[in-house]
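In this document, chain identifiers A, B, C and D correspond to the written order of the chains, with residue numbering beginning at 1 in each.
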């Protein structure tokens, strides 16, 4: 077999996200990187996983890589295609989703996300798409995984707008709030970036879990807008296997459109 | 053409009910006598009328007389077959129904109906079926027509239980109540029995409109449990035409199961 | 079926065998009777003959419903004997009754399925129903336009749904009257799907809009041809109206009712034996001619 | 289409051209632009290219939405130019914005369709959305289990729905992604149904469970092949992803956007001319291979 080209940082991100899905059953998935991570997981660590697409599709079997969340290829051959009312009411709010994937323009140390505006809401510097299903996914999916590239512009001390709630002011209040407001989920569990993998400590604050091969702790800390919590021991993210890279490069994203 | 046998009292009731449907567009229909009245109306005074069956069927085209409201013959060949949630939410509560047919074990002079119990609710003398869809039909159909045989046991001063509201304590309060509680309908407009046809005066009290051929005013008053309001002039209900009787006897109820 | 009922229906459970006239799983009800489940709370919009039989067999302590009759025929006499004091047999107690309207029952399942604290609806105004059922309450609109009525969520311990077909994973497809099968299944803690036919998953995937319940929420799939008789299955067999009428006579008499249960429920080991006892010819008479839906094209997108 | 828009869409109306990625009636949107409707409130879960084009053409004064982007590509630049003060052209004013989440928008249509004063849902807790949209409120459960969030009903003046087929009476059948087409149609005061194919009523009656909108609520039926392009119709043609990408480039520049509108909207009298301008071969490339649903049997009951 020929030499395998070393993993790019996007590939490291996708592989780390896929591995985080080990053993998960039902995943609420969007397009782009999460879609590739999820499909990689199905071919490796989570073959039994069922995919729910926001557009109203359960058990999709896409025969090509969908550009949009509502591509016809996710409908043909799916197990069930349902109305948005059923999708958000019965599947998501009904508590059938184990893992939801979210990203955003900004994230804070508690995993709160902004996908609405940069700047002032009434007079934004940049108008972003907004919530879509993100706000209810953050609240109702049993667990949230975040995939986004990190930089001081995206990992910020203060969000310009809180679209989707994370661990709020720390897990203690958050947990209480979730109970009394009847939230279905327990919030963000993992954040995967192009440089590292993060988890959340008991108090709901983000904490470094592992650094990708080739990245340094200085680089990681230098691209985060708050004083990052770093444990004494920070392992290196296990490198992608040759097979994981082959699946991404040959099957999931042959044209390199996403990764 | 051979001599036509004179109309039975049930036939008089069905024909009078069918004629009351003249010009109506969308009718919410149950089985039994209302079903025959409605189908007679479609063949005579209301050819354009659309039928909505409580079981979840719009535009039914039954090729036989259904015994139950959920007979498979109302589904095959219908325009739309929908869930009960859609039927009661979108069609009925959504305000798409012009006329709803109701009956009952007891009716009072304001058109309130009892289909729940005879005697005390907790320890009933007779346990009746209950509301089914009647309560929300009474509230949401734009207009209510009642078909039932009359007797001092069924036309009572005091209901044992009020399942479905009529004009309540008279149209004045009723109208106000309907407004503030956002009722979709204006309540009962016509009551057709085996002896006569009744309407409701401005104050919401039932009043005699016409007496069927062969019935007398004494008979009518004698089978009602309250002092019936009788106008100075009471016409006779126009007799069924030969064609109306033919339709009932040869097409709608050839076995005489209902009429 | 025996294993599914043994595993998922326990004494004291709240059980919803749903299906509005159409697709009522009599096979499951009879197996529950054979397994002598007790103190069940039976929920159904229309209790129908199946709950009349289960009540007669002593399975139930409570009924949750919206219309209590023999559709097209008259009364459910076994249930009336447990609701009218004058008719109550010695040693028997009255059934507990929790009563709604059709929209209210549908709403209870919808709220349960959507994990909502209540379902708002326009019904019950000036009706006596809220006075006899304190669970029917009013809720204030946050938009200043007054009060509306509400019913609480219903989350049965087990929902039992009959349908035309499912695959091995329990992805259920149905057509004809849909009742509140989907809502009851999503609301329930456990779901038993009973079908006329087990089909390859490719059949399900060929028409994904026809799927009403995904295997995701199904705990057991049971293949039970004629499992809905004397109810019916659209396209497969007709409603046995003759039996619905016959039950009116049988059920008026407690002894006749018990004798019927002995012969047709306790007296047969399973639904296959029940069907065999009628004889193939009996069901041939209930089989409709064909009325195909026609096929639509989803398009193959590569 | 010309007559339908002239009759049912008026200046100042609230218009909902729905369809989630699938079955978006670009044909209707373009006709509204040609008829120079003004001060419209445009409601859609995902405004998509059609509202970007209508905003660029000056039809809109307000947007009601839940996700404002070019799906799979990026931003809606014409709308951004009307929402970001720095990008606002001389003489232009900012669009009014009324923003929800997906479930919230669906809920608004459901409440409108069910004639409910509000729709309760589990979303918005601890989000800033309610602080910028005072119509997102809390409602107290009457069962003592706390508060839940609510959105108000949305009853558009007109809903425009694209689908695979309908009969002359406007009984609409659709498959593939259903979005909130049914809910928007039942919620609207007037409904325009645009379809790829007009079929005999017998086709509709052969598969009544496939009907999503009855003629009962439809005011105009328009036969408009390829009327959803560059969006798609399941089984008929593919989404024109190339155009969605191309629009990203066009729409970044106001002049290029205006030029595109001149050529492809004002420059053609109707959708037939728009399709002809692309040429038949163009749409052949967007036509999928066949993937039949298969037929089911409803049974002929006499």
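Just so we're on the same page, contacts are C-beta pairs under 8 Å (C-beta built on N, C-alpha and C of every residue); 3 or more make two chains touch, one makes a residue touch a chain.
This one's a predicted model, so the numbers in the text were calculated from it and none came from an experiment.
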Given chain B and chain C, the chains that contact each of them: D
Chain pair with more C-beta contacts, B-D versus A-D: A-D
Geometric centre distance via CA averages, chain B-chain A, whole Å: 58
Intercentroid distance (Cα basis), chain D paired with chain A, Å: 28
Between chain D and chain B, distance of the C-alpha-averaged centres to the nearest whole Å: 41
Length of the line joining the C-alpha centres of chain C and chain D, rounded to whole Å: 38
Contacts with two or more other chains, residues of chain D listed in rising order: 115-117, 121-122, 145-146, 148, 175-176, 178, 182, 206, 209, 234, 238, 288, 291, 298-302
Touching two or more other chains - residues of chain A: 57, 71-72, 75-77, 81-82, 89, 93, 182, 184
Chain contact graph, described as a line, ring, star, complete graph or other shape: other
Touching pairs - complete list by chain label: A-C, A-D, B-C, B-D, C-D
In the complex with chain B, residue positions of chain D that touch it: 113-117, 171, 182, 186, 201, 204-206, 208-209, 211, 214-217, 298-302
Residues of chain B touching chain D in the complex: 26, 50, 57-59, 61, 63-64, 71-73, 75-82, 86, 89-90, 93-96, 182, 184
Contact footprint of chain C on chain D as seen in their complex: 115-118, 120-122, 137-143, 145-146, 148, 150, 152, 164, 175-176, 178, 203, 206-207, 209-210, 234-236, 238, 288-302
List of chain B residues in touch with chain C within their complex: 31-32, 54-57, 66-72, 75-77, 81-85, 88-89, 92-93, 116, 121-136, 139-140, 161-165, 168, 177, 180-184
Parts of chain D lying in touch with chain A, wherever the complex brings them together: 20-22, 45-46, 65-69, 71-73, 75, 79-80, 83-86, 94, 99-103, 106, 110, 121-129, 132, 145-148, 175-180, 182-183, 232, 234, 238-239, 241, 244, 288, 291
